[in-house]
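In structure tokens below, several structures.
What follows is chain A paired twice: with chain B in the first complex and chain C in the second.
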Partner chain A sequence: MQILLQLIASGIAVGMIYAAIAFGYQLTFATSKTLNFGQGEALMLGALVGLTLTSVMGYWAMIPLVLLFGFVQGAVVERLGVRPSIKIKSEFGWIMATIALGIIFKNLAEIVWGREALPFPSPLPSDAYVIGEVRILPVELLIVVGALAMMLAVEFFNRRSIWGKAVRATANDRDAAGLMGIDTSRIITLSYAVSSMTAALAGVLVAPRITAIDANMGAVLGLKAFAVAIIGGLESGLGVIVGGILLGVAETTTGYYISTGYKDVPGLVLLLLVLMVKPSGLFGKATIKKV
Partner chain B sequence: MLQVEKLVAGYGKVEVLHALDFKVEQGQLVTLIGSNGAGKTTTMRALSGMLTPTAGSIRLRDREIAGLPSHAVAKIGLAHSPEGRHVFGSLTVDENLQLGAFARITGSRPKKELQRDFDRVYTLFPRLAERRKQYAGTLSGGEQQMLAMGRALMLDPEILLLDEPSMGLAPRLVEEVFKTIRELRTAGVTMLLVEQFAAAALEVADYGYVLENGRIRHQGPASQLKTDPAVRAAYLGGAAH
Partner chain C sequence: MNRLLATVAAAAVLGLASGAWAQETIKIGVSGPFTGGSSSMGVSMRDGVRLAADEINAAGGVMGKKIELVERDEQAKNEVGVQVAQELINKEKVVATVGYINTGVALASQRFYQEAQIPVLNNVATGTQITKQFEPPESKNNYVFRFSANDTIQSAMIVDEAIGRSHFKKPAILADSTNYGQLGRADLEAALAKKGVKAVAVEKFNIGDTDMTPQLLRAKEGGADVVLTYGIGPELAQIANGMAKLGWKVPLVGSWTLSMASFIDTAGPNGDGARMPQTFIEDPTTPKRKAFIDAYHKKFGGDKMPSPVSAAQGYDSLYVLKAAMEQAKSTDGPKVREALENLNAKVEGVVQTYDKPFSAKDHEAVSYSVPVFGIVKAGRVVYANEEDKKNPVRAKQGAGGVAPQ
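Entry: the complex of A and B
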């Protein structure tokens, strides 16, 4: 029982990273029905830029700069890779374009930071907190708190600010949003910027936990987060948190009880099951629409 | 106020509007009537920038707006309550109205008197006031129509375009919509109204244009069109008034 609780606790920390990235997928899907398949690379760039900045100014001070970096990087992806295909109403152009940009970013990162894994210093003490008999690392707590805070901040922006409401309006009915005086192309750029910003933050949150980072770190995370976005539902904010935790826990328990070699299997099985039983995701909601 | 010259527009290779000329004067209520497929909604879409015209000129207070995207047209002061209402279903009534004033809140149009306009819309449509925290998607068709009109009014527009405000509504609600249009007219709001209920539209309008296959076939003061035998035969069911 104690081991199971331990596995769940560790699984939650891993899962919140998936949730944070999947949350980013939701943001762009809502406004433009497109996704940034280079989301994992946005995370990787955030982590590596964060590493370089940490050596200059320390971990906590570099976070705002990494957020800014992610924001700009996401806007660039939208302008270069997505806007042209939205303009010509291409259904698939953006898929190849965002994948291609992801590969380019990965290669650029290899040129700048090399191919070797680089150690990422932990900003927190390495002594675990002990609750009951469950041990929780401070860096795991950092992931959970950081990811939740970021998602809440974006939700708050979307609910309360007029620009956030413009984002929701664009997601709801793009034509009508235009009639309100909302430049919906700019809103889509904004959603990409915020999406990459969340991924970049996820990068610097996960880096101290995995202790060593390299240009390849994003690929698998991005893919698993995509599975989480599908499991939780691409249009349900709450769904990605539950989906992320579900996947995280499934991985840690499989890794312990079966074999670490199989730890990626349950996520994919879960994905297939959800697609078979409820294709809109566990929390996919029927949209309210009256004519 | 609004001056349209030689407006040509369509979808893909299909030309729907063939060189339309019409105008709306300040404070006037002008109506476009015509049968289904005559090009009424296409005209409205071309005016508000939802559709890019192929040729011609649209001037709003001497500013050329033909070819501008819809968000730019809105900032110049043209509000469009579209056919089919298009309220933001997953946002509340209050939020829908705030977004109607988006251009004012974000500073591209005069912001003052914002609260006055909220009050005005809620006075005009007391039913919306009761439901201000409710999601627009849960409103009835009639309430959604009121919300679409109220949202357009929140721009404090130079001109208000109303496309089929009575569509799909029960007769009692249609009456209510027309009552509101009359109140807005009294308040001095410049309006362009597209309606399938031609008789009712001519009843409230100052001036009317009859659209047929993308061309203006008749025009004149509304009171005159109402009694024009050709117009009555084709659009008013030939009924005597």
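Entry: the complex of A and C
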């Protein structure tokens, strides 16, 4: 029992990383039905910018600046990669464009920070907390708390602020929102900016856990988060949290109870099952697309 | 017509002149990853080679000619390694190449040297297959030589240390899912079987894995009293950090990658006590080693080599190559190869004294008697056993690259 609890705790810590990135996919999908396939690279950039700033001002003080950086970076991605293809109503242009921008960001990062893995100093003590008989690292707790706080903040913004209401209106029906006087293309830029901001924050949250970061750190995480977004449903904030935890726990428990060689298999099986049974995701609403 | 003649004549003179100028130096290729994940080893190796080249040139060069190093970064990528090999052979016309950190890159690249009959002196990569790729009788002559302790030696040493010397009974094996890790795991299991021991857990992890909880819990629940590793720096650090997280401390004994800076720096205090085979430890136990260590830091700064083993093997490989060229009185590939295989001069290196390091059949300079165990202590690798420190001079005994029966 103690082992199962330990596996679940570690799985949740891993899963919340996936969830935090998947949350960003969900944000842009809601408003524009497009995704930023460079989400993993946004996370990597956030972590590397955070590392540089940490050496100047310390871990906690650099977080607002990293958020700002992510915000701007996301807006740039939208302007360069997504807006042109939305304008011409291209179905696939944004896929190529966001992937291409991701590659460009990765190469830029290699030029700026080099190809070495750089150690990321931990802002918290490295001794594990012992809760019952389950051991959790402070940096793992930081990921869980930080990711949840970020998602709550974004949800709160969407529900309470006037800008958030515009975001929700755009998500519900872009054409109608436009007729009501909402500048929907600005709202889409905003959703991309917030989406990259969450990814950048996820980057500085996971960096102390990964301990050594480089320009490639976003690749695997971005892909797994994409699976989480599909499992949980691209329409639902709760879905990505459940999906993330499901995938994280599936990985650790399979590793222990079946074989560490098959650790990645249940995630893929889960993905296939969800796609077969409920293609819109566990928490997604089935929508009919009218052509 | 006159004009054409003049042009041709000028071109011929220029060609002769540049040909004559090229004769002034001896071009030697240096191929390794100088950027990326294994760059600490690549850069240390290159610096070791540079140091040796500078010393040799200051002392008059080889046969009156200066050594010119042609350094190329192959980024630990097979395809870039192949391009570099072709460039060094066909464009730069090197007489030999030293280098290779990654077994995959070595295996992909060295066939071009084999075909061009140019010796390759592998000075860091450890894959057992490296020197066996072009062995007689399939190939007439083998142009591939090695200065590192191969994986057969290392896995046997790891098991000897853990089971033989330290009397652990229940080893767990943690290896990454790459060729390096999985071939090493197979070697470890075979070496354990020879001792009549079976691992209580054999676990796998991927490059980039950040959570080792399931692997470590399986090893812990299996009752492991020692963890044997075959992986590279960052993930090895995750193992050490994961053990600290679970509050489970058993010794780590593993391949030489436990001496990588990315392990030692990332694991910090959690990495203390990890043990691994080393051909060279940064400790001035002989005058020759002291001179080498001092000269290295004088030239490249710092007080700690990023990878002392790579630096030492790189340094030695160039001196052995020099001795072979002098014996052959030529830089011609087949003659240098023959000289390497029948080296008369004793070369005092920093790893060992090279006394007939190679033969036609044996292209491994390191035998089981050469490496010692290093242990991580406060961010550095030091001698694990006092008696090794007291008998620092190593020499090849018997065949290279094989485990004792």
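Following the convention adopted for this analysis, the second predicted complex is superposed on the first by the 281 of 291 C-alpha atoms of A that agree within 3 Å, B and C clash if a C-alpha of one lies under 4 Å from a C-alpha of the other, contacts with A are read in each partner's own complex, and residues count from 1 in each chain.
Note that in this section a residue touches a chain if its C-beta (ideal position, glycine included) is under 8 Å from a C-beta of that chain, and two chains touch if they have at least 3 such contacts.
Quick caveat: nothing in here was measured; it's all calculated off a predicted structure.
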Quick one: classify A:132 as touching chain B (first), chain C (second), both or neither. neither
Identify which of chain B and chain C touches the larger number of residues of chain A. C
Please work out whether A:114 is in contact with chain B alone, chain C alone, both, or neither, and reply first, second, both or neither. second
Touching A:220, do we find chain B (first), chain C (second), both, or neither? second
Who does A:183 touch here: chain B (first), chain C (second), both, or neither? first
Which residues of chain A touch chain C in the complex? 3, 6-7, 10, 13-14, 114-117, 119, 126-128, 130, 135-137, 206, 209-212, 214, 216-217, 220, 251-256, 259-261, 263-264
State the interface residues of chain C toward chain A in the complex, per the touch definition above. 35-37, 39, 75, 177, 203-206, 208, 210-211, 213-215, 217-218, 221, 234, 237-238, 241, 244-247, 262, 265-266, 268, 270
Flag every residue of chain B that touches chain A in the complex, lowest number first. 48-50, 69-71, 74-75, 79-80, 82, 84, 86-91, 95, 98-100, 102-103, 105-106, 108-109, 135, 137-141, 144, 151-152, 155, 168
Considering the complex alone, what residue numbers of chain A touch chain B? 162-163, 165-166, 168-169, 172-173, 175-184, 287-291
